[in-house]
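Two complexes, one shared chain (subunit A), two partners (subunit B, subunit C).
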Partner chain A sequence: MIDRYPPPAPVRRRFRDLRDRLFTLLVGACGIGVILAVLAIGVFLFVEVVPLFGGDTPASETQATTEIDFESLWLPQQYPDYETPRYRWQANVLSEDDTPMFSLTPLAWGTLKAAAYALLFAIPLALGAAIHSACFMSRRLRHRLKPALELMEALPGVVIGFVAGLVLAPYVERHLVGALALVLILPLGLLVAGVVHSCLPATLARALSLSRAGLWLIPWLALLVALAMVMSPYLEVVWFGGDMRAWLEQQLGLDYAMRNAMIVGLAMGFAIIPTIYALAEEALSGVPDSLSEGAQALGASRWQTLWNVILPAASPGIFSAVMIGAGRAVGETMIVLMATGNTALMTLSPLDGMRSMAANIAIELPEAAAGGTHYRVLLLCAFLLFVFTFCVNTLAEIVRGRLSHRYRRLGGLA
Partner chain B sequence: MRRSTSRRPWLAEGPWAWLAAGGVALSLLMVIALLVLLAGRGLAHFWPQDIEAVTLEDGAQFAGQVVREQGLPGEVDGRERLYRTGNRDLQGAQWRWVDVADIDTRATPEDLVIVERRRWGPFIGRVVALEGPETRWTVEDGDTLWQQLDERLNRVSQLRSERDVVRTQYLEPLAERLANGEKVADDEDELQALKARIVNLQEAMQRDRVVLESLEGQQLTLTLDALIDVTRPNAMSLPAKLSSWGHNVWRFLSEGPRDANTAGGIWPAIFGTIMMVLLMSVLVMPFGVLAAIYLNEIAPQGRLTRLVRIGVRNLAGVPSIVYGVFGLGVFVYGIGGTLDSLFFADELPSPTFGTGGLLWASLTLALLTLPVVIVATEEGLARIPDAQREGALALGATRSEALRRVVLPMAVPAMLTGLILAVARAAGEVAPLMLVGVTKLASQVPVDGTFPFIHLERKFMHLGYHIFDAGFHGGDVESAMPLVYATALLLVLVILVLNLTAIFLRHTIRTRHRVRTH
Partner chain C sequence: MSIRCRTALLLWILLIWPVVGTMAQAPEGPVVGNLDSIGSDTMAGLMLRWGERLEERHPAVRLQMQASGSSTAPAALAEGTTRLGAMSRRMTTSERETFEAHHGYPPVEIPVAMDALAVFVNRHNPLDEVSMKQLDAIFSDTHDCGAKRSIDRWEALGTPDFAGPIDRHSRNSVSGSYGVFRREALCGGNFRVDVNEHPGSSAVVAAVAATTGGIGYSGIGYVTVAVKPLALRKGDGPAVSPSERATLSGEYPLSRTLYLYVNLPPGERLPATEHAFLDLVLSPEGQDGVRESGFIPLPDMVIAAIRQAMGLNRPWGEGSS
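Presenting the complex of A and B:
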C-alpha cells in the first residue's frame, strides 16, 4: 500500500506531478463511480418498490391496479372463489373480472422450504468433509481436494437443474424405496467400513488409512448406492406391497410429486456444499495449533480434541459458512425452477413441490407490464431477496472478521 | 497450518470420524457421477448405433435403436425397453416401449438404414430403390445403389449451398434496395432473373427420388432434397463408425437447431454465448480493475473503505436473478426505453433497444461479474510486497508511475484470474439472461454483413438457456434429451477448463510472490 507521498518535487517535475494527480483523480473517480453503480442495485429496487405502498400507484393501461399493502401481501385474504381466507399467488388473471392474487407468503414459504431442505442435505456432508479434511487428511491430499471442490462450485446451476429435473427426478420416482433407504444404508455402510478397517492387518490398514478415507470410500459408497437401486423393487414388494407411492397415499395421505422438495434439496445441496465446505474448512484449519496440541498433550483423542476444542473455537466460522450457504440457497434460481413443479403450495412434505421467489421472478417478470402492480410486486420479491442475502452475507463477513482476531488472540496466549 | 497427523497411531477414532470421511467421499462421488453421466450420455448420442429388427411374439415386426431399459413399475422381474423407431409420419410416434418378455427375436440386418430428414424426424427402415430421371437402381444393384445415393446427396447439398448464396448475397440485398425505393432501370429484370434461377435450382434439387420402406411394410417416396443423411450403422466397420462419430460431433457444433430444438446443432448458441462473454469482458475488465486499484492503492485505508470492501464482496453473493431484475428495470426499460424514444421513435411501439438484447445482457452480466474481478485483482494487488512500491518511489517515481510501471505489471496474472473466473461465471449464468435478452431461437445471429455489423440490440441464443429451453419447453423431451446432454457437456467442459486455468494461474501467482518475498 502506498500511504506516503513521495518527497516534495522540484519545479521541473511539476508536469509529472500534475500527471500523477490527474491519474489518481481519474482512477479515484472511476473507482468510486463503479462502486456506487454496483451499490445502486439496492437503491434502484427500493425506489421502484416504494410506489407500491405509497397509495398513489400510477395506473398502467394494461393492468388494473390492485390495492397492495402489508396485509394483502402477507396475511390470508378472502378471495371470491374460496370460503375461508387463504394465501394465494395467482398473478395472471384469465378473465376480466378475476382479481389477481398477490400473496407473497406461499412464495416465501417455498423459498425457505427449498433452502431448508438444501441445508438439511448440505450441512452434514459439507461439515463432515470440512472436519475430515481439516483434521484427518494429510496436507498434500487437502491441497488436491480443494480445487476439486472448487470445480464443483463452478458447475452451472442450469446443468445441475437439468440433471435434477430430467434425470434424477424420474429415476428417484422409480426407485423411491432404494433412494429413501440410502439415508440409512450410507451411514451404516460407513460404520461398517470403520469396523472392517479396525480388523484389517496392519499393512492393509496403513494403505487404507483414515487420512485417505475420502478417496477409498468412494467405490464402496458407489457400490452401496448401486446395491440400493438394484434392491429397490424387491424392498418395495416386501415392505410396501409393490407400490410405495400408493402406500404413501393410502397410509399417510401423502401425494408424490415427481419434482419435489427432496430432489431440490439434493440438487441445491450439491450446489452449496462447496461453499460451506470451503469456509468451514478455512475456519477449522485456522484454529491455532497450540490449542489442539494442548488438548492432545492432556490425552485427548483426535476426535475428542476436535469436538471439545477445535469445534467450539471455530464455531463462529462454521456459523458464517452455513449462513453464506443459506444465502446462496435462497437466491438460487435455475435449480429451483427446473427441479420443482413451480406450484405455489404451502406444505412441509418433502414429497411436494413449491414455487420460490427467485423462480417466480424468472417465470413472470418477462410478461409483467412495466410499472404495473404485478411488476412492482415482483420487484419487491427481488428487493427482499437482495436485502436478505446482503444482510446474511454481511453478518457472516463480520463474524468471520471477528474470528480471525480471536484466533490471533488465542494463538498469542499460548 | 496444522501438522500432518497421519503418523500418530490412534486407532479408536470413533464412529463420527468415519461419517465425516463419508462426507468427502460422497461429495466427490456425486461430482464424479455427474461428470460421468454428462460425458457418457453427451458423447454416446453421436455414435452411430446399431438398428435392431425386432420380431414380437405375435409376429409383428419393427425396427429401432435401443434407447434404454428399465424395470416395469411394481414388478420385480419384468423389464421394458424403449426403442427409437423413427417414422413419426407413418406411425404417429417415434418412441416405443416394448415389454422384454414379448420380444421373440432380435437381429441386426445390414440393409437397415436410418435416414435423417428435414421434416418428421428420422426414418428407420430399408431403401428399396433410387430413382433418377432415366435410371433406377434397386437393392439388387448392391454397392452401386449406395454409391449413387452418396453422389446424388452430395449433388443436392452443392445445389443447396449455391441456392443459399444466390438468395443471401444477390436476391435479398436487391429486394431490400427495391423496398427502400432506390430503383435502377434494370433492377426489376434482375430480380426476376434471380428468382427464376432459384426456382431452377430448387427443381434440380428435386430431380432424384428415393423409395423407402419401413419394416411394417409402409412405403414412402422422398425427393433427395428432403434428406440430410443416410447411414447404415449395421454395415459400418469400427473406423467408419468412428469417422461418422467425429462427423456428427462436428455437425453438432457447427449447425443450427432443427425441429424445434430437438435435432440439429447448437452453433448459434455457441456463437451467442461467445459474443456475449466477449462483450462482457470488454465492459467489466477496465472498470473492475480501476475499482480494485482505487480500493487497494488510492483510497485511504479506513473504516469506510473496509465497509465498501465488505459491500463489494457481498454483492458476489447477491442472487443473480436480482441482477437480472436490475438489468431489466434500468437497462432495458430505463436506458433502452429512452434511447428508443430519442432515436428510434419511428419504429415505436415495436421496441429496438427497449427490449432484451445482446448489449443489455452483456451489461447485466458485467455488473454481475464486477465483484469477481474486483476481489481477484485486489487480492493480487495486496499480495505484491510493499517493498516493490517503496523501491519505485525511492527511485523518484511518482505514484502513478510506480503503479503503472511496477505494480500493475506484477498484478496482471491476478487480473487474468479475475477475468477467467468472471467469464466462467458469466458463461454458466442463465437466470438473469432470461430477463434481459436471451431467446430460444434467434433467426439472426448478432453479427452479419450489414452495417453496423454487430447488432447489439438483437436477441441471441445461449448455451445455458438452450439447455433449459430444450429440456423443459420442448414438446418431445425424449428426442431433445441427447442434445441437452451434449450441450450440458460442452458448457461444463468450457467452464471446467476456464476454472482450471484460473486455479493454475492463482497457484503460480502465490508461489511466485512467496519466492520473491523470502
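Presenting the complex of A and C:
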C-alpha cells in the first residue's frame, strides 16, 4: 500500500490542533447559548406569570395585577350581564365598572380543535405519501418529490393564512356541495383506480407501474375534481333540496360560518404535511433492508411486508412525526388568525370558527399594558403553549432516539 | 358641532394652553429625523398620506408607522416606545392613568379629523336602514340597549325576499372602531361570541363583500362598492346616512373624532419633527389629505383654535411671547 498521506510537519499539526480546539469551543458555546436562550424564555414567562397567582409584585410596578385563581380561568363564571355562569373571553375594557372576562377554556378548546382538524387532514395524506415514497416510489421520483415538499414547508404561514381566509374560504362557501362531493368522490375514485389497475393486462400494468403511480394518477384525479365540480349543482338539488346551507340549518341546526374549522384544518394541515412527511419518510426508509428482504424471502407480499414488518418497526418514528406535527399545529399563529373568525366558541362542529391561544396573543398583546392583569393572562397562555410544545417535542425526540437505537440493533444503517 | 364636542374642545384648549404658554426657545435649522407613530388601523391610510406630504415638505423627515389598532397607542406611549400615537377613539380613563403613572403628566390630545363608523351589508342585500336597537339585537348577547331578543335572520329585519342567517363581522378588540361600536351601538354591552373578529378594517369589508348574508362595520373611508352602508335610525327619529353633514352635526349616531396623542412634558416645546408633522396635519393641505382618505375634515374654526393652542402659527424655533 502506498502511503499517500505523509504525516504533517509538527508545526502544522500543532496549528491544526489549536484550530480544532478553538472551533470546538466556539460551536459548543453556540450550542449552550441556544439552550440558555430557550430556558431564559421559559423562565421569563414563568416570572411574569407568577404575580397572577399571588406572588409578590415588584414595587416599581405601575400596573396593578388582580389575582386570578385556577377556578376563574378554567371553570364557568358568573358575569354581571348574564343569567347563567359561562366561559367568556372578553378583555376589552370600556370604563371602570366594566369587568374583563378571562376564561382560558374557550381558547384552549379552540387551540386543540384547530390542531385536531389539521391533524385529521394531514395525517392520512402525509403518512400515505411517506409510505408510498419510502416503499413503492422509484428512487428518481422520490428525489424530485422531496424538494417540492420542502418548498411547501418554506411557505410562510401568513401566505397560507391569507390564501385560506380570503380565497379558499369564500370559494368553499360558494361551492359547499362541490367540496363535500370531493371528500366522497376522491377516495372512492382512488379505490376504483386500484381495482382497475389490478385487472389490467400485464403489458399495460408494466407501463403504468406502481412506482410511478403518483404521476399517472394526476390526470385521473383532475378528472374526478372536475366531475365533482360539474355535478355539484345537481347533487345539491338531489341531496339537499337545492340549498345546502338551508338544509344544514333546518335538518341539523348547524350554522355555516365562512371561516371555520374545516378551512383551518385544510390550511394548517397543508402547513404541517411537510413536517410529518419528512420525519415519517425518514423513519420508514431507515428500516433495515434485511427485515423487508427477509419477509419477502419468506413469501410475504409487498403489502404484507409493509403492514407486518415495516410499519411496526417504524411506528415510534411515525408517532414522533405526528407529535412534532401536532406541536407545530398548536403553536401556529398566522394561519389560525387569518383563516378563522377568531370567535371564542366551544363547539365541535367543523362549520364553526374558533379562537386559538396563539392567535389571541397575537391580537391582544400589543394593547395590553405591560404588567397588567390582561398582559399576565396573555403571558400565561404563552407559558402554557411553551410547556405544551416543549413536552411534545421532548417526547417525540426521546421516541426518535429509541428508534435509531432499535435500527442499529437490527443491523441497519441508522 | 354638538354641544358635547364643543365643551370637550374648550376643555381641551384650556388644558393645553399652559403647556404651550411656557415653551422654551430652541435653535433653528432644517427639520431632520424620524417620526415614529403607533396606533389606529383605521387611520393607517391617512397617516401614510400625511407621511408622504411631510416628506415632500421636509425631505429629511421620515414617518415610520405601525398600525394594528388604537389600543396599541396608549400602551406604546406609556412604555415610551413612541411619542406619537394615532387613535380612532378617545383614550379611556384607565389608559390615561397608566400614562400618567409612567410619565407623571397627561398625554396631549389633538383632534385631527372626523369619521363616520359605517355599518354595511353585502351589496346584494335589499336592506337600506337599520335602527340602533336592531343593531344591538344583532351584535350583542347582553342587549344593554334594551332589545328583547336577538336577531339571527335577515327576515326579522323586514326583508321578505332576502332570507337567511346573519353573518356578523367585527374588528378585533385592539381596534378603536371596536371600542366606539361597543360603547355607542351596544350601549357598553358585550359582543356575541360568534361575531367574527378581523385584524383590519379592509378585512371586514372584504369579508362582508364575500358573504351574501354578511354585516359589519368600519370607518367610512374603507367602504367600497362591494358593500352597502346602511342608514341608521336612533329612537323614533329618521334614518340618517353617514354623510359629511350628518357626521359633523352629530346627527349620525356613530360619528367619532380621530385623534393624535403626543407625549409632551408640560413646559416643553414640541420637537421639530412633531411640530412639522402637526403643522402639516392641521393645515389646509393636511385636511385635503383627510378628505382624500375618505374621512371628514374638521371645520376651519376648530382647526384655527387647535393651531393657536398648539403654537403652530409661529414657525418652529421662535420662542413664545
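The working rule: the second predicted complex is superposed on the first by the 355 of 414 C-alpha atoms of A that agree within 3 Å, B and C clash if a C-alpha of one lies under 4 Å from a C-alpha of the other, contacts with A are read in each partner's own complex, and residues count from 1 in each chain.
Following the convention adopted for this analysis, contacts are C-beta pairs under 8 Å (C-beta built on N, C-alpha and C of every residue); 3 or more make two chains touch, one makes a residue touch a chain.
Bear in mind the structure is a predicted one, so any value in this text is a computation, not a measurement.
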Subunit C versus subunit B on the shared subunit A, clash or fit after superposition: clash
First (subunit B), second (subunit C), both or neither touched by A:43: neither
Touched partner set for A:338, first subunit B, second subunit C, both or neither: both
Touched partner set for A:223, first subunit B, second subunit C, both or neither: neither
Which of subunit B and subunit C A:91 touches, first, second, both or neither: second
Per-residue touch tally on subunit A - higher for subunit B or for subunit C: B
Contacts of A:204 with subunit B and subunit C, given as first, second, both or neither: neither
Touching partner for A:155 - first (subunit B), second (subunit C), both, neither: first
Touched partner set for A:366, first subunit B, second subunit C, both or neither: both
Contacts of A:166 with subunit B and subunit C, given as first, second, both or neither: both
Region of subunit B that runs into subunit C when the structures are aligned on their shared chain, from 293-301, 347-355, 365-373 or 491-499: 347-355
Overlapping contact positions on subunit A, where the subunit C interface meets the subunit B interface: 166, 337-338, 366, 370
Parts of subunit A lying in touch with subunit C, wherever the complex brings them together: 62-63, 81-82, 88, 90-96, 98, 106, 166, 169-170, 173, 245-246, 249, 255-259, 337-338, 341-345, 352-353, 355, 363-364, 366-370, 372
Complex contact set, residues of subunit B against subunit A: 1-6, 8, 10-34, 37-38, 70-71, 73-76, 287-288, 290-299, 301, 308, 310-315, 317-326, 328-330, 333, 356, 367, 370-371, 374, 386, 389, 393, 396-404, 424-425, 427-431, 434-435, 464-465, 467-468, 471-472, 477, 481, 484, 488, 491-492, 495-496, 499-500, 503
Residue numbers on subunit A that touch subunit B, as the complex places them: 1-6, 13, 16-17, 19-20, 23-24, 27-28, 30-32, 34-35, 37-39, 41, 44-45, 48, 124-139, 145, 147-152, 154-163, 165-167, 174, 186-187, 190-191, 193-194, 197-198, 209-211, 213-215, 217-218, 220-222, 225, 233-234, 236-237, 242-243, 270, 273-274, 277, 285, 289, 292, 301-303, 307, 324, 327-328, 330-334, 337-338, 358, 361-362, 365-366, 370, 378-379, 382, 385-386, 389-390, 392-394, 397-398
Interfacial residue positions of subunit C with respect to subunit A in the complex: 68-69, 71-72, 74-76, 78-79, 92-95, 98, 101-102, 142, 144, 164-165, 167, 169, 172-174, 178-179, 182-183, 188-191, 193-199, 206-207, 210-211
